[in-house]
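Let me begin by handing over the structure; questions about it come next.
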Amino acid sequence: MTDHDTRAEGTASHNTMADVENAMAPEQNEALAQLYSDFEAKNLSPLWTQTSEVLTDVPRSRAVPFLWRWNDLLPLAARSGDLVPIGRGGERRAIALANPGLGGRPYATPTIWAAIQYLGAHETAPEHRHAQNAFRFVVEGEGVWTVVNGDPVAMRRGDFLLTPGWNFHGHHNESDQPMAWIDGLDVPLAEHLDVGFFEFGTERVTDYSTPSVSRAERLWANPGLRPLSGLDSQVNSPIAAYRWEYTDRALTAQLELEAEGFPATVEQGHAGVRFTNPTNGGDVMSTLRAEFHRLRAGTMTPPRREVGSSVWQVFEGRGEIVVGEHTWTLDTGDLVVVPSWVQWEIHAETELDLFRFSDAPVIERLNFERTYIAGRER
Amino acid sequence: MTDHDTRAEGTASHNTMADVENAMAPEQNEALAQLYSDFEAKNLSPLWTQTSEVLTDVPRSRAVPFLWRWNDLLPLAARSGDLVPIGRGGERRAIALANPGLGGRPYATPTIWAAIQYLGAHETAPEHRHAQNAFRFVVEGEGVWTVVNGDPVAMRRGDFLLTPGWNFHGHHNESDQPMAWIDGLDVPLAEHLDVGFFEFGTERVTDYSTPSVSRAERLWANPGLRPLSGLDSQVNSPIAAYRWEYTDRALTAQLELEAEGFPATVEQGHAGVRFTNPTNGGDVMSTLRAEFHRLRAGTMTPPRREVGSSVWQVFEGRGEIVVGEHTWTLDTGDLVVVPSWVQWEIHAETELDLFRFSDAPVIERLNFERTYIAGRER
Amino acid sequence: MTDHDTRAEGTASHNTMADVENAMAPEQNEALAQLYSDFEAKNLSPLWTQTSEVLTDVPRSRAVPFLWRWNDLLPLAARSGDLVPIGRGGERRAIALANPGLGGRPYATPTIWAAIQYLGAHETAPEHRHAQNAFRFVVEGEGVWTVVNGDPVAMRRGDFLLTPGWNFHGHHNESDQPMAWIDGLDVPLAEHLDVGFFEFGTERVTDYSTPSVSRAERLWANPGLRPLSGLDSQVNSPIAAYRWEYTDRALTAQLELEAEGFPATVEQGHAGVRFTNPTNGGDVMSTLRAEFHRLRAGTMTPPRREVGSSVWQVFEGRGEIVVGEHTWTLDTGDLVVVPSWVQWEIHAETELDLFRFSDAPVIERLNFERTYIAGRER
Amino acid sequence: MTDHDTRAEGTASHNTMADVENAMAPEQNEALAQLYSDFEAKNLSPLWTQTSEVLTDVPRSRAVPFLWRWNDLLPLAARSGDLVPIGRGGERRAIALANPGLGGRPYATPTIWAAIQYLGAHETAPEHRHAQNAFRFVVEGEGVWTVVNGDPVAMRRGDFLLTPGWNFHGHHNESDQPMAWIDGLDVPLAEHLDVGFFEFGTERVTDYSTPSVSRAERLWANPGLRPLSGLDSQVNSPIAAYRWEYTDRALTAQLELEAEGFPATVEQGHAGVRFTNPTNGGDVMSTLRAEFHRLRAGTMTPPRREVGSSVWQVFEGRGEIVVGEHTWTLDTGDLVVVPSWVQWEIHAETELDLFRFSDAPVIERLNFERTYIAGRER
């Protein structure tokens, strides 16, 4: 499955063992019951009674498609700001999307944590570090600096900001206004794989200066230019912040090039960039992919199914998304979860800007990727 | 955390929000209760009440160290052979190790499925394929051929055999004796990541011939030699079977070289080989590592902790293993689970041969690896 | 020799066979003469008479250190402009640096072709393509567009422009002034390896439009952003032009960061960037490395020796370079060749900007790299 | 040119500047002569007078196809054994193939040194090391051990043995018979790139023991098994000797599999293996590829042209090779040079075993590869 199969959903269906057991003589049934009981006593579990659950025809995620409205999230975050202090112990005023399919766990998908984080005027979120990889995306507002390993990184509308695993980081709001943004982390993956480490840092951030660009950007956010002091390979992107200015410019250029008659877009009317690690051209971090998409008004993407889960956040514009059985209208800040192998498509009413993040690097590094695109079956 | 940190367990401890809430005025507490209720209604979950669970100081696996005795497994498998037919629907007479920490799920660790599989004299397990990667290891017996994508692969004592994802495979027992072996798969990982696909193949295996070596071995199991017809990169090892003859010879050579005064072993008295993909030198499959270890009688390995989970099976010899708080004697066929970051060491009473498999390729590809070895702290 | 050895020159010296032959009896000498004659007749050549030439203690390049003055080159190029038409057959009005050590061949080093190219007002150099990789660097002037695979790329002062192997390319001067720049190619390497292919394209360039940025830049010259339509790996950088604006900004930032107390430069007072392929973080092309260096006034680099050859061109500022036995003052446009393993150092009188290109990717891909830096011996 | 183009020879032909000059007025011609003279004085060389030499339509190697008969080489080597002592200074009794096209240089091709080496009964060739990569291939005989970094490696008929760059090595003949074999090195490439380093080692080899397999083989020549003490990536293959037993077995298996109806060979009747580095699946060394080919009696390979040069040595059997304009019969030990892009094909009269080595890793790492196979044009 190393190539990108584009196959429709399989139709095979498993039989259960029920037929077999029904056909058994009573004494056999008794012996079987005893066998199953002995299995349990020895912490064993037979495959044959649960093959169809263990080996599903296609991915059937417990996570469900879901939408959270920014208009719901933001007021709740603001109320938290009034009631819940920020500081050591709680660490962050972050409110996670809890996928209804995942049994109350605070996880957007089986691999992705997504939350709205809220920092009041002049508050500081103390420094800590963890093995889990994190990023932030700013749908509106400004005035907060996130300090990553001592480097102050301004957060502004449209920016995508990295906190790779084991980097100390804290945030401080230098403005008179609260600010909210979204956090994305690989927390559920890290929990499942049992890879998490955590350490407290300082109670305050280590540097309260407020430069408009970080040192990391000054060194690294230059197109195609690599500092001679930074030639070693790096697991995570050294670019601390991917600024909206550049993202917007790149998307604009793609649609213009398409209009001029040159290949540049993903498909007609659909521009897109991936945020990448300049030291190797790959994803920004080992476990999380981040992309920005822009659809020209009127564009409809073809229906797709992909292995792996993703989260979309509307940045600007209006449209609708179809995910499995659901059709939702989209407005600024809204967040939508697409579980693995659930079909999705997006329709742009106006020009529509969307931020997307996913666990695709995990799926690809483990060679589980498959994609189905309607109309492009082989 | 791209380098292999060797650090002792951190000592940081999270405070809970309890102190904060205790210090609140009653009306604030009421507002907080309302806030939490509103969170729930909107499928949201605050981080600050659960930071210490979500971000643990060190990996704290729900999986627990556990041992299964071959002397328990084999008779139960034999009873299954008497009672449970093999065929379409149940697919395999496989009895999985169910780690007591994992809530009754048939999983040895959060990422690994391990089972004893049992095939009666002249039985056939029908063909199917799945995205999940699988291998078999034979602790005793012979007479079964596993047919992988049409290539019949003899199974004999000490052999390690591959069924990479999406390869059709079935088994047939050509002898007058039943045969049992262990299966290892990445089923729980695939379930968590929602990457599983499954298809039925033929009811019987596609080739009932019984060659002593498979075609894959004839093409590929030649040291350092690559067929000119096989120069493309391959995600999974094309070597269908790693024969005990070669494994034994390699381990013997390492201990002899050590005795002759040359570097060859992992550490004094401890030989080891990794089963690898000859097309790239990496692990045999993207999600599973397999190794064989041989300890000279009297050898004690230094205490180790590693990120990621593993399963050991004793192949021959006696000794004991210490895993966390447990000390277990080891005998042929016994299986032991070591969860992530739980300390382990092995003491060899006699010369001790051990097969080991783990999720290390997953941990390393996602850059979460850390190892602690007592006495080698930096 | 995969690590970067930093070792001083070896002192071993080979004996010749002369001593041996002197000690021989006359009849033996005669037999030897007959043997050598028979070797020659059969196109054979004994090693033992030439060991010290074939296997030198350290690299002893036939290429010699050399300097060409821009003030010499430019007038000669202008005279060529008056006398030599440009067009099919001659293809380019390029005048190559011919290293005096290389027997009159038009090669700057054994692997590198470097030339000044001159295009008169409103002239066109016709399109062609070749397997050899090429770049251009503009030390002064503007008004020419190089059209690479149909994409018009403006050439301006300080820009570094790519024409990777097998891309059709032609140039046209849209201004009323002539323009000169330098070309760098791997022609001598390609000749030695016998890898060259060549094809004529159109007599005129395929697109006479004059955009200020190329389509390639619009798609690719965005820091850390990769178009979703360009996710396949690419041998050569898709960035057609690395603009001076970004190079200058990156160098400025490094010196500022150093002044602020942060690690950013190669060494004290010495900033540098490498031009890289954003799809993999490596060199722009397989055979040529390009870098830009800026030395703060007063900076002296430590003496270095490196395996592989390079060419420097002064972009701005004054200073001097020591190469082997030579010390040369440096002024704008001057070109200096540093052969393999010849010691060099640079002293900046004013702030000194230098463009450098080399065969380092060849040396590194073939695992022949070694570097000696005075004061950093291990 | 990253894909493998299969194109026929181009037909474009360059015009010279002669026509231009003929059309000039006399005073212009005089000015041009003065210009060319001034170029020469400044060590400059115009492209336009030599475009067709510098940029050839297709590779036109100075090296020519050539054949050396083993029956010529061996007696000459034996005469050298009588006349020329072996020892420090001369270092090796090696007689190199000197391609008639390469101006008397002792080089088989522009990148490859190939020689017959001869060691008399009980002689020792002293230890040394060099940056150049080397291998040996034994067409007949035994009794010599090559000691590579202290590891004694027996040399026997059919074996392919490695001495990667910068490994100390010497040879000693423990038998009462002389022994001859061929050496292959990247000497001309290293000379052209100026990358050579050389050091003397001990006058005698460091270990005169005579094991039948080397320590390196005991650790590494196990199919698909990697020692846990050798998990770091290695530039060169750690397998010191690729034994004929395994090569023969692999080739035999391919032809048997083909006869059984399974894909296994390069093309009908043509088996082949590449010697590879088990740590990464790639070539044994960075600059040299080695392969073994076996043609069934009666097999004719399709005409091929490849970028890069190679040398064939007949190991066993009879047939003929067509290289460019030449057709040569082939017998045991005969050596044939195929320069870059010269067409070749082989016809097997009997079963025909051939050893082949080439500079293909260089060509591929620098992305210059192209192959033309008659009948497979795209």
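First chain written, first letter: the chains are A, B, C and D, and each begins at residue 1.
In the analysis below, a contact is a pair of C-beta atoms (placed from the backbone, for glycine too) under 8 Å apart; a residue touches a chain by one contact, two chains touch by 3 or more.
All of these numbers come straight from a predicted model, not from anything done at the bench.
Undergrad: Specify the chain most distant from subunit C by Cα centroid.
TA: Using the mean of the C-alpha atoms as each chain's centre, the farthest one from subunit C is B.
Undergrad: Please tell me the distance, in whole Å, between the geometric centres of subunit C and subunit D computed from their C-alpha atoms.
TA: 28
Undergrad: Averaging only over C-alpha atoms, locate the centres of subunit A and subunit C and give their separation in whole Å.
TA: About 43 Å, centre to centre.
Undergrad: Please list all residues of subunit C that touch 2 or more other chains.
TA: none
Undergrad: How would one label the connectivity among the chains shown: line, ring, star, complete, or other?
TA: ring
Undergrad: Which of the chains are touching one another, listed as pairs?
TA: A-B, A-C, B-D, C-D
Undergrad: Sort out for me which residues of subunit C touch subunit D in the complex.
TA: Spelled out, the residues of subunit C in touch with subunit D are 1-2, 10, 12, 14-17, 19-20, 28, 31-32, 35, 38-39, 42-51, 54-61, 63, 66, 68, 72-73, 76, 79-80, 82-85, 88-100, 104-106, 110-111, 113, 115, 128, 130-132, 165-166, 187, 189-200, 235, 286-287, 307-309, 339-341, 359, 362-363, 365-368, 370.
Undergrad: Can you name the residues of subunit D that touch subunit B in the complex?
TA: Touch residues, subunit D against subunit B: 215, 218-229, 231, 233, 237, 239, 242, 246-247, 249-250, 253-254, 256-257, 262-266, 271-281, 284, 291, 293.
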